[in-house]
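Consider the two complexes below, in which chain A is the common component and chain B and chain C are the respective partners.
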Partner chain A sequence: MNPLIGFQLQTPTTAAASFPRRDLTVSSVAIDPGDTRFTQGAGEDAQYLDLLSKIIIFDVGGTKVVRTAKITVAKSKEHRLSWIDDVYSFVAKSKTDAAMDVLLGHLNALLTSSEFELCDSALRSLDFKRLDVTAMVTVLSITRPASSHLKARAEVVRDIEKALHERVPERANRLLQNLR
Partner chain B sequence: MGVAQFEEEAPFDHRVVPLAAVLTRTPHGNLHAGLLYRGENGERCALHLGWQDKLYDRWDFQVLWAAPDAEPELLALAAGHCRLVWAEYQKTRSFPYAFEDRGASFDAEGRLVLSDGAHGMTCATIIVGIFHRAGIVLVQRDTWPIRKELDLKFLESVRNFTPPQHFELLRGEVEAGVQRLHPDEAVAACACELPAAFPAVRSESDALVTRLDGRRRTG
Partner chain C sequence: MPTPSDDAERRIYPRPPIVEAIIELRYEGEVAPELVLDALRDALGTYNGDPRKQERIQFEAQVSGDTVQSLTKKLPDLTFLRTTDGLRQIGVAPGGISVHVLAPYPGWERFLEQAHAAVQALPDVVRTGPVTALGVRYIDRITLPDSNVQRFLKVMPYRPTAMPTELTGFHVVTQTTDPTDGTLALLTIATGPPEADGKPSLIYDLNVRRVSDHLCTFADDAWIPIIEALHKRQREIFEDSITDDLRELFQ
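Our next item is the complex of A and B:
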């Protein structure tokens, strides 16, 4: 388990909540004093957990009470990159757009806050075997304007070129034409 | 090459084509363009720049759409950039409208980045900018002519609702010889071989507008 973002509740109770999330619904959560819940990643699941912790509804003696929970955000580099698992997960489920949006969102955040070293770490840790073509071109597109700041990008370009030539040899050059 | 089609004949489906440019003639009589794509929750969206600080994600006009002959993954990526640009606009409610963009594009957060001498985008150049961000080069901008008389005529049509300072900025751009890309040309370029040069685009634009206006008269 990757404890990236968790919530810790202040009050012993049982929580019941449901949220408009497309692929995940929490109908009830049993929570003990000091209990801490974690998410597997920093992408959509983490955002969901963040939402959950803010608007969780407690059933106290038949009365619905809204309480907030303490949010814990892990700081280590490994944890800060665990959103990549979300990307792999979406790709595996053929949720191409969702995978792309996670990539765009997280790489954008790193680039716009000038966290180029962390962005390099993200690029180096990508397993291209677990990415689809859209995810690969997304990586190239989003990092291209910052290529002069990213030491890992040249190698990533080479890896993606190789992967595309293996997977879609007839289309690889068209895909790569303006993204190198 | 891409093909331009009316919604009634060939409904736009993001599962088949992730992104398309769309053209209409508004109730005011002017041509207007935007981009059709899938929104964050799967809903159909259309990003279009109406005027200064007037970016929209809904399209209530007739739909004549065209998707360029580009790899679907790149079109999907361009749609992702549309979502980013829209999300950024939701935060700022600001988007400059101007003819002179000097090849402006968007940064990693979907914010418009303007170089020296650039002032903003139009409904046409935002299409070019978003496609460009995804590695799809729609047009050869250096082949575009200066059409001062036509552009001044357009400016007169918008004078009534344009604040004087903004009007002067736009007029100054036209007087300085901006190579303005018209809305029908941004959409017509999608139906041309890319990157499209002005003569081919203009010819395709004339055909598109004739189809659009013909449909309006009969429909």
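Our next item is the complex of A and C:
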């Protein structure tokens, strides 16, 4: 990563012209991703905030003058797994058929095109608190034929087993039959 | 691992605006980051993407008349172990690790489990020593239907009525400390980068931390109740920051 991306310094000579003609020292340019006071982020939005919060302090003859940096980072928050949010949304509205359409459509497309890594990403990203029983069983069912290619499936089986035993203890074992 | 205990009070949104969640764990001692990196790599098979190294850039410049003298230094700072998709990461720095998950958010249980696995993989010398800081940080990016931010957030500062009406940008940082338990909360709300469709966006970034010479140790999962408490506090602050109009956008 280049921490200078999107960062524009006002040229010191221009800055100097705005101030009394004394020596100007940029005493602190805080392009400092390692600030130990706060929890460091890894993603693009954390980087955006880092840049936004950095200030340049010009020390002009003992007077601190603060200049903010100009930010030009702009990325979409859409990602290749955005469809998972659609599933959660349909589940929350009890639109089971629509949720299954999205879930089956996307998982099926990933599996038939052998995109197993992306399918693993999807499985690792699933929040079982936001899925209903039908969706969980569907996930196990559609991924079972490809289980030897999916590194994340074993973890998902374990988590879904646990979730089903909590939510529908009387039916859990029957639902899980032949799906592990 | 203990089961998270406060499910009943939690609001679970179908479309949470979370773009990144972080659990931070700092410890005492001069354990070489390379040792920690090796231990994590050995124990956690899933972080086999290309690691990302982040360096600290130190820049100094002096302007005297027409002369500019500058000095730039590059210092090692942080290494991120990453899954191949980059959605899960572990940052390793001198004196601490941070566990990251990027959107789509997999829920608190799976996220905490990811942190637990990382802690279990730490070298014994770290696991038996004092924990000096624990933190939970959530970064949300929220696309708004219009620029009337007050309709969605309760935490915007007062704007004098004589100011021009159109809000085109803001960056508000609020830091508070709880004297009873030392919890520190750093809330940053700012204009986000514009979305592709031109709609306004805002960033809501909340970092809740606790720092002490000896908070606990990693042994016996003594850090988990503290992280759970910080997570609960984080959610309370978030829920108290937003309006029902904003909650509607998360459905």
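Basically, the second predicted complex is superposed on the first by the 102 of 180 C-alpha atoms of A that agree within 3 Å, B and C clash if a C-alpha of one lies under 4 Å from a C-alpha of the other, contacts with A are read in each partner's own complex, and residues count from 1 in each chain.
The rule is simple: contacts are C-beta pairs under 8 Å (C-beta built on N, C-alpha and C of every residue); 3 or more make two chains touch, one makes a residue touch a chain.
Just so it is clear, the model here is predicted, and its values are computed rather than measured.
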Touching partner for A:Arg167 - first (chain B), second (chain C), both, neither: neither
Which superposed partner A:Ala92 touches (first chain B, second chain C, both, neither): second
Which superposed partner A:His149 touches (first chain B, second chain C, both, neither): neither
Chain A residues touched - chain C or chain B, whichever exceeds: C
Intersection of chain A interface sets (partners chain B, chain C): none
Residue ranges of chain A in contact with chain C within the complex: 1, 3-4, 12-13, 15-16, 23-27, 29, 31-34, 36, 38-46, 48-49, 52-53, 71, 73-79, 81-82, 84-85, 88-89, 91-93, 117-118, 120-121, 124-130, 151, 159
Contact set on chain A toward chain B in their complex: 22, 96-97, 100-101, 104, 107-109, 111-112, 133-134, 137-138, 140-142, 145-146, 171, 174-175, 177-179
Residues of chain B defined as touching chain A within the complex: 38, 40-41, 70-71, 73-74, 76-77, 79-81, 83-84, 105, 107-110, 132-137
Residues of chain C touching chain A in the complex: 12, 14-15, 19-20, 22, 24, 46, 52, 54-64, 66, 68, 77-78, 80, 83-85, 87-89, 91, 93, 95, 98, 100, 102-107, 109-110, 135-137, 139, 141, 143, 171, 173, 186, 188, 190, 192-196, 201, 203, 205, 207, 209, 251
